[in-house]
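I've put the structures underneath this note.
You will see chain A twice below: alongside chain B first, and alongside chain C after that.
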Partner chain A sequence: MEIFNKLAYYMQFPFVRYALIVGVLISVCASLLGVTLVLKRFSYIGDGLSHVAFGAMSIAGVFGLTNDNNMVVILPITVVCAVFLLRAGQNRKIKGDAMIAMISVGALALGYLLMNLFTTSSNLSGDVCSTLFGSTSILTLKKGEVYLSVVLSILVVIFFVVFYNKIFAVTFDENFAKATGTKVNVYNTLIAVVTAVIIVLAMNLVGSLLISALIIFPTLSAMRLFKSFKSVTICSVIISVFCALTGILISILAGTPVGSTIVAVDAFAFFACLIAGKVGGRG
Partner chain B sequence: MPYITANNLSIGYDGKEIIENINFTVNKGDYLYIVGENGTGKSTLMKTLLGLIPAIGGKMEFSPEVKNEIGYLPQQTEVQKDFPASVEEIVLSGCQRRMGFLPFYTKAEKAIAYENMDYLHVLELKNKCYRELSGGQQQRVLLARALCATKKILLLDEPVTGLDPKVTIEMYELIKRLNDEGITIIMISHDVKAAVKYADHILHIGSKLFFGTKDEYLNSKVGKNFLAMEGDEQDGNI
Partner chain C sequence: MKRLKRVLIAGLVLVLAGCGVSHITEDGVVQNNTSNTSGKQLIPDDAPLDDPEPEEDSYVVTNEDGIVDITVLSPTMVYAQVLNILMYPEEYVGRTVKMNGEFSVYEDTANNVVYFACIIKDATACCAQGIEFKLEGDHVYPDDFPAAGTNVTVTGVFEPYEENGNLYACLVGSAMEY
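Let's turn to the complex of A and B:
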């Protein structure tokens, strides 16, 4: 009973409610995109693109842009990188994983270098840390940011439902889709743009560590349990939302960092699914 | 007008030419085998035919009937080995071209998918996971998907790779049956014995090029050499 009283007490604060809403919405978007990204062998794209965004943020800093208006630099750079990574698809020379690693490490190093050269802040490593891990930012959301996440999540869900069959075709067999007249490049570009937008926004809200985890874990968990694309997609959304909610609630009650708590719950859910899959004879 | 006409076609990757002066025609109902040693550019030619990579030079013309309407049986990709997808989902995805910009499959498209699944004896597997099927079943699923895309012309890229001998023969007979029903077949293979058995036309790719009917190929120098060579190799393997 005490736990419920404590929860009810915390629910009175708007920032807790905002964190719950945004956490759930982002976990829905990330898990939807996660299915196609993981299957296309782009699991690490969340990490890669958030490092790109970090680098872009430093570039914006050099030009004197602050947190309120640096999106004009960050978003286009990240979108361009995402399109570059995802568009070439199966027929490229340097494979996807190497490409992501290259861009990710390069952007991270460049960003840190620029920050070091041009920073005016007294707590550089603190800034870097909070950018990458989003330490507490999910608990400092403003009302505007909540609305933004609501609108974007609705758009992502609509995008996914409308293009569901095309996304399946392009993910399963790009060459076949292309040979039979599907505009593969258009859909790859669309997926890349949506991915970049979600990652940039989610990184600001919840940190890059969490966004990577939200993309990878639910899909992999769902794949232990289910065999068709549709059931994996639906299951990964359910797992993702469940883990995000559980993680946020635990972190509120136990006072642990939000992002890493959610990731821990996701990891735990993965092992649960792994065992369930093995027991059920499907793993 | 022939379905496909290649005129002094040059193919290759990234602007680098692998083979030049390829000439052939594919007519309705043909069964064309593209043979040659490994690494001579068979797959490159396939990709050029499908429009996945541009031709380096020369001309390749499609009749309006088959333009953008080629069914394709690809070699299995890395991605597909652990892809969670049911047989039904995969076969339905062959209807992409029919649906155009509509987001969902119509009843008619579902009916086509079911008909093709039934025809290739994979209907009872429709809720099974693709990655759990045997090699022969997987190929029949992909063939059903290709038939959803078109009933006119099919391109098959080494369709018997990794299949055991019995299933290989079943697969060959199945493809032959499709051809007998009027579907044009273009098959890439290094199995020249099967080529001689099933094809009516042969395109040989390699240091020497050859295009003609099967009988012309059997009497040609290129054909005789290749048959002797492959024959030795296969005997050596056994």
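Let's turn to the complex of A and C:
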């Protein structure tokens, strides 16, 4: 009973309500795209692009841009890298996974190097740690950021629903989709752009290093229970929202780091689904 | 259907273009703006103080005595609440704030001034935020103060002040328990 009283008290804080709203929205978007990315063997792209965003943030810092206007630099760079990785990565001599690893590590190293050389902060290690693990960013959102997340999330969901059949076709067999007249490159570009936007937004929720978990865990959990694309997508969204809400609530009640708590709940849900799948004969 | 898709794509592009002036907060960046080497807590330049924007939701949550009591919150909530006080100082001016954290001292030997602060670490223990406080009455440092790092509970009135063109957060008329 005490825990419910505590929760009711915490819900009076606007920043807790904002965190829950944005957490749910980001988890919905990440899980929707997660199915496509996992099936296209791009599970690690979230990690790579979040490191790119980290590097871009450092570049923005070098140019004196603050958190109010650094999106001018972060978003375009992340989008360009996403398009490059998703569209061109597989057609070059350096294959997709190697390309992601190269860009990911390179951006992370460059970002940290720039932060070291041009920092104005007195607590550099704290800044880096906080950005990588997203300790409390989700609990410091402003109302404008919440509105932005709502609008972007609605657009992502609409994009997914409207282009569902095309995304399905591009995900499973690009050659067949191309043969039937689908503009594969256009849809791959759109998927890349939306992926980049979600990853930049999700940095607030779990930090740079843990974003991949939001993309892959719900999808892999759902795949233990269901087989069809539609069932896996719907189940993935439900699991993702449940884990994000549970993770945020546990972190504010128990005082644990938000990002790692959400990922821990996601991992727990995966093992629960794995067991359920084995018991149900689907594993 | 094709027209609908074009409209949706155009909408998405417009919203993405709008991101350029949006506020996406990375915790590290907030930290950049709110900490300095003097040990005093800077209030971010963009934090409204003189001309606050009207907010439907008040950021201030008080107990039945009207005190902003941070001591009853979990560590994650405490850190977020202190950050919110620094982001929205106008909402807290004149309010009594009670907080619990590490006692910290900064001695400005050039100007012969000693600053005291209550420091709170975040859940990952890699970042710290704090608020300076000035005790009520006459107290001599170091005789009347605990050792740096001691856990203290400070209760005082939130009154930001300006010094050398910077705005600093401070709890004035404070009482300290340890």
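Here, the second predicted complex is superposed on the first by the 273 of 283 C-alpha atoms of A that agree within 3 Å, B and C clash if a C-alpha of one lies under 4 Å from a C-alpha of the other, contacts with A are read in each partner's own complex, and residues count from 1 in each chain.
Keep this in mind: a contact is a pair of C-beta atoms (placed from the backbone, for glycine too) under 8 Å apart; a residue touches a chain by one contact, two chains touch by 3 or more.
Keep in mind that this is a model prediction, so the values were computed, not measured.
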Fit or clash between chain C and chain B when superposed on chain A: fit
Chain A: partner with more touched residues, chain B or chain C: C
Touched partner set for A:116, first chain B, second chain C, both or neither: neither
Which of chain B and chain C A:162 touches, first, second, both or neither: both
Centroid geometry (CA): angle chain B/chain A/chain C, rounded to a multiple of 10 degrees: 170
First (chain B), second (chain C), both or neither touched by A:176: first
Lowest inter-chain C-alpha distance for chain C and chain B in the superposed arrangement, angstrom: 5
Chain B/chain C common contact set on chain A: 162-163
List of chain A residues in touch with chain C within their complex: 9-10, 12-17, 57, 61, 66-72, 74-75, 79, 119-123, 125-131, 133-137, 139-145, 148, 151-152, 155, 158-159, 162-163, 190, 193-194, 197, 200-201, 203-204, 251-258, 260
Chain B residues touching chain A - in the complex, by the definition given at the top: 47, 50-53, 68-72, 74, 77-80, 82-86, 88-90, 92-94, 96-97, 99, 103-105, 127-129, 132, 145-146, 149-150, 155
Touching residues on chain A, where the partner in the complex is chain B: 39-41, 90-91, 161-166, 168-169, 171-173, 175-182, 223, 226-232
Parts of chain C lying in touch with chain A, wherever the complex brings them together: 4-5, 8-9, 11-12, 15-16, 18-33, 35-37, 46, 55, 57-59, 61, 72-81, 83-84, 87, 122-124, 126-128
